[in-house]
Amino acid sequence: MIINSRFFNRSELIGFVSLAVLLFLILPLSLDIFRLNLVAKYLTYAFVGIGLVLCWGYGGILSLGQGVFFGLGGYCMAMFLKLEASSVANTKIQSTPGIPDFMDWNQLTAVPMFWKPFYSFPLTVLAIIIVPGIFAFIIGAAMFKRRVGGVYFAIITQAIAAILTILIVGQQGYTGGINGITDLRTLYGWDIRTDHAKFILYFVEVVLLFGCIIAAQFIRLTKLGRILVAMREQEDRVRFSGYSVANFKIFAFCAAAIFAAVGGAMFTLEVGFMSPSFVGIVPSIEMVIYTAVGGRMSIFGAVYGSLLVNFAKTMLSESFPQLWLFGLGGLFIAVVLAFPSGLSGIWADYVQPRIDRLLSSRKPKAAWTESSVADGAPAE
Amino acid sequence: MFGDYSLGDLGAILAMQGFAGLILFSVYVLMALGLAIIFGQMGVINMAHGEFMILGAYVTWMTSTTVQHYAPWLFPGYFFIAMTLAFIASGSLGMLVEWAMIRHLYRRPLDTLLATWGLSLILQQAYRSVFGAREVGVELPDWMMGSWQATDSIQIPINGMFVMALTILITIAVSYVLFWSSWGKQVRAVVQNRVMAGAVGINTEKVDRYTFGLGCGIAGIAGSAFTMIGSTGPTAGQLYIVDTFLVVVFGGAASLLGTIASAFSISQTQSTLEFFMSGSMAKVITLLTIVAILMMRPQGLFALKVRK
Amino acid sequence: MLIGHQPKEFLLAVSGLTVSFDGFKAVNDLSFYVEENEIRVIIGPNGAGKTTVLDLICGKTKATEGSIQFRGKELTKLKENEIVKTGVGRKFQTPSVFEDLSVFENLEISFPRGRSVFGSLTFQRDAKVKERVEEVAEMIFLKDKLSTYADELSHGQKQWLEIGMLLIQDPDLLMLDEPVAGMSVSERAKTAELLNRIIKNRSVLVIEHDMKFVEDIAHKVTVLHQGQILSEGTMEKVKNDPKVIEVYLGH
Amino acid sequence: MSSNKSGVLMSDETNKGLNSPFRRKLLMGMAALPAMTMLPKASFAQAPATSAVNTTGLAVTDTEVTVGILHSVTGTMAISETGSVQAEKLAIEQINASGGVLGRKIKFIQEDGASDWPTFAEKAKKLLVNDKCAAVMGCWTSASRKAVLPVFEQYNGMLYYPTFYEGLEQSKNVIYTGQEATQQIIAGLDWVQKTKGAKTFYLLGSDYIWPRTSNKIARKHIEGHLKDSKVVGEEYFPLGSTQFNSVINKIKLTKPDVIYAIIVGGSNVAFYKQLKAAGIDLSKQTLLTISVTEDEIDGIGGENIAGAFACMKYFQSLDNPNNKAFVSAFKKMWGEKTVIGDVTQAAYLGPWLWKLTVEKAGSFDIDKVAAASPGVEFKGAPEGYVRIHENHHLWSKTRVGKAKADGQYELIYETADLVEPDPFPKGYQ
């Protein structure tokens, strides 16, 4: 019987455990807080990556606007922190004390209505989930109900990212403009800038990340996960099996948006500010790159991809700033041309069979079948 | 807002504003033509299109400095040489890219998008390494600068007229090549049925390569023309790419006429809006309108109704 | 909408159905009726509009004019998945199965439960599902291939799998587009046997070119030509209709 | 001997991709060894003991002190920031040639902000926490400065920021070597009203904080302080925008006495080319800009902007001995064709002001440097004499130049006295 009722199969379990060991033990023990904070920053992109695995790898919906949701989540969190940082005592120097500094510079004399809910942390947490979720729902419903897909969807999401960037930059009295929302300090009086806080935030983030991994894995293992795969291949067949394809696409897109938003909110906490440069087209496509490098069909691949590409980016740009773009561009072409299923594909095709051959007496073929049940075959 | 101005003034402005829209229209058409060929005819999403344009701009810059240095007497006419060279340079690079990369990806349109994005990063850095991070200024011959005094109060920029004339010329040339020449028939045959086209003796690989090269070459000419109105820097290409794609998609991907119609409507909307509000808001509203219309009519303005 | 309420015995009532693509009428003022438990075969030369008729009934193509009533429900206004829920199943001409999923998963997806987003999230692979999947798999000769990925199946096996996916939906009207095309002789015989078994208790609408096969299974035959009905009746009657002979021989 | 060479050395070292602080320290020690043996004994004698001048564990050895350079080498901002990097390297080389700082040679670590604000923050943190830089010369855009500011305040570093900017900021940890908005704007507006009799102004800008804040100050000054003057239009364009025909038509309609333009980056090229093509002759139409330095003219083309006025504190053509020496040294180091703009000159001030401040304080300690900064004078500045104000900005003259076809500015006017920096101007907020 092929039906695998276990939550993880063997190779996934290995992936899960080794990732947990890496993130909970190895990295915190071996890195100083500066590097650990960098890892935390990289991992915020892994949230986006996990969402992209669901929506792009499984559902075949390529969104080039994930930065929009990352940014919305990040901005929600930043608005809360900014309000807390803008107490009357901190902003005595302004003409209107008690409002964020950039509002004061733009002659606003009161906090605008849509900022008000962000005085409350519970509402903020809610907004981080709800705002991107609703936004994704509206975009998704409008497009998928009318069967806009593939390339067109990609281009339209890109345009949305461009629109939102121009809006945020243009409405600087309400959004902080191109500088973004900066100088965030405390969360309920707890200084998030200290090393100690960064250390704790790192673990909070990793726990959330594993939450997302498990949620994504859950979705993948339900029938919904299989319908996503089915939809990617034979949309009509799914439709004529009695499913509303649009609804499933909307679901995948919303889920990806919410994951991205959680990542964005964590980004704000880890880095200490949010700016429109994470909303635009370039960051959105870079997030797709991370996922593609890790393997668009693999949840763990997305995490490793985000870590590795960003790690390479930091290393390369420290030592060969000129070469970084050549490296990134080349990497991307190589992945697309030669390894469409990314690192996880290389692992499943080359490394895993060897390990299996070494470790067990089972036939390699059987092992391959099992692991590919989990990872799925690459999209053609 | 207009109460203080005389009717004559307003008329003149209206005329010039209409012309500003037409210049924007020409710019969009020039940008989008190459892309429309590559996307519409081949289904390839070339995210590096902007970089092919910038290559044309750099070629123009190099030609202008070379001519200024070695053959100053040629300077008034150098622009035509530069455009030819830009076409050849971008076109050959395009063919090289098609051979090395694109031909492996014809069945995966979304992947062409990602791979060409990688290419665009590489090209940007290459330009930066070769030409420096700073923008380069292309000096124009005197006859191309300044404006033509149509009436006392109406001035029409000469470079704008030049761009418009160029656009018309290239559009006609492209239509001829695609719709009347025998090569164009081959291209369309390949688009409609690759296997059959191959079976009747069309060298589909060659057709693909030249089609892609043609699209990129036109991008090169566009880049060359842009040196008259815009800037030439390593990352300038990225500014155009989203607009360009929207023009093509909005027009209906497979239709040249659609591309032109969409460039026209988008440019007129934007330049009209720009007159009544700030540039930023005009852009936002234009983009939003396009996205909204595309959501309602995903196939774009001009699309053939066909049985799937 | 000239027809008010159809007599009960008609499962499917197509009337005045027209669709035009840019002025070309692929189906032109077409009317026919299918009864409960009837096997109807549609034949006709290439381009007669056969596949378009199926597309129209299952909602893949929207009608320009006319009505399609299924058990008294107007189908032209419903979406594809809603049409499926009323009890219409459709098999495509080229086998469309999910190659990245196993045979079991292919069949399971078609099991008529948990078809909403949240339904599919909470869907449990319980004994009833397994039982039904295995039952159908046996019927379509794929019992021992449940764990095989669909892309490893032969062409004929994919056709069977798709038929199986329809069976598991248990539709009242089953529409098959060239179910034996591209099959070997032995597969063809097995398919005929399969069809004969599954057509019990339901109506079937089949498009087929293979006359031998048509003769074997058809209760009634409709001949389409240029989007219109040329002839309709038993196989015997149709075969002897001079108009039909002319059209077929004329080609 | 040239700083090219030291640049190579540096990049060699950073190449190793050090990620653990241990290895980095080890390597730095190793790198220091040969340097120590090579150094003339004399400089030891002059240098005060490290323990005395460095009580907070900065990267200061007996022979060397490390500073950071943090600009974008890649990305869209690389265009603008290249000049600053060059100026800072030149200043560092000159300081080293003249004996260093407190007898120590300056060693620099260069990091790439990649035009990306979190990268700036990340690299700033690296320079302060891992590399223990005694000072950092860097940033260009307001956004990058805003991103690194909390880092400098938290880890107590010293940033020398070269760009003219919108003001509204003051920090113990930053020395602003460029002008803040009021310094650059008010004197220029007064001048244009006096000499051109300007009554109507059309304000233009790229859509972000510096042009918006600057135009706000300009508007307040025009409407509140200049007699009978008014603003007849105010417009913003997305960064990178290349279409200006519509606004040019509006300008033609409203016929302002002065076009006040704060357009940045690549948009400039499009704006001035289109302005010229539309028949607006800058020798007749007064245009005052505060965003176009000689660097930008390089891209715009001198023939397209000739006749426009720019208001800032420095032009390459300034005729004084300091500037002549600076320009020739700069060209010797970076090539004959390079041009020097206002920000480049301000960047050049950074290392010098820091050196002077350290020597005044007699210590590299950040707190002492910050406290000693007010009152530090630099008489060798290419722009002339500058002095650090209590608020960590510079007292400097404001100048108006007229653009010429060869890409240089001709000095038209300069304020008689140094203009006081006022980052939080009363009545202009």
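We call the chains A, B, C and D, going by the order they appear; numbering starts again at 1 in every chain.
Just so it is clear, a contact is a pair of C-beta atoms (placed from the backbone, for glycine too) under 8 Å apart; a residue touches a chain by one contact, two chains touch by 3 or more.
Keep in mind it's a predicted model, so treat the numbers as computed, not measured.
Fewest steps needed to get from subunit A to subunit D, stepping only to touching chains, is 1.
Across the assembly, the mean Cα position most removed from that of subunit C is the one of D.
Taking the mean of each chain's C-alpha atoms as its centre, the chain lying closest to the overall protein C-alpha centroid is A.
For this pair, subunit B with subunit C, the centres built from the Cα atoms lie 48 Å apart. Each chain gets a centre from the mean of its Cα atoms; for subunit A and subunit B, those two points are 34 Å apart. Note: centroid distance subunit A to subunit C, computed from Cα atoms, is 43 Å. Work out the mean CA point of subunit B and of subunit D, and you get 37 Å between them. Under the contact definition stated at the top, the residues of subunit D that touch 2 or more other chains are 73-74, 207, 236, 238. For subunit B, residues touching at least two other chains, in rising order: 125, 128, 278, 280, 283. Multi-chain contact residues, meaning those touching two or more other chains, occur in subunit C at positions 60. For subunit B in complex with subunit A, the residues that touch the partner chain are 45, 101, 104-105, 107-111, 113-115, 117-122, 124-126, 128-129, 238, 242, 245-246, 249, 278, 280-281, 283-284, 287-288, 290-291, 294-296, 298.
Residue ranges of subunit A in contact with subunit B, taken from their complex: 62, 64, 142-143, 146-148, 150-152, 154-156, 158-160, 162-163, 166-167, 169-170, 281-282, 285, 288-289, 292, 322-326, 328-333, 336-337, 340, 380. The touching residues of subunit C, counted against subunit A in their complex, run 58, 60, 79-81, 84-85, 89-90, 92, 96-102, 104-106, 108-110, 112, 114-117, 120-123, 125, 130, 146-147, 149, 151, 162, 165, 169. Subunit B makes touch with subunit D in their complex at residues 5, 9-10, 12-13, 16-17, 19-20, 23-24, 27, 125, 128, 132-139, 145-147, 149, 155, 157-160, 226, 228-236, 239, 270-271, 274-275, 278-280, 282-283. Contacts from subunit A toward subunit C in the complex involve residues 1-3, 5, 219, 222-224, 226-227, 229-230, 232-234, 236-245, 247-248, 250-251, 369, 373, 376-377, 379.
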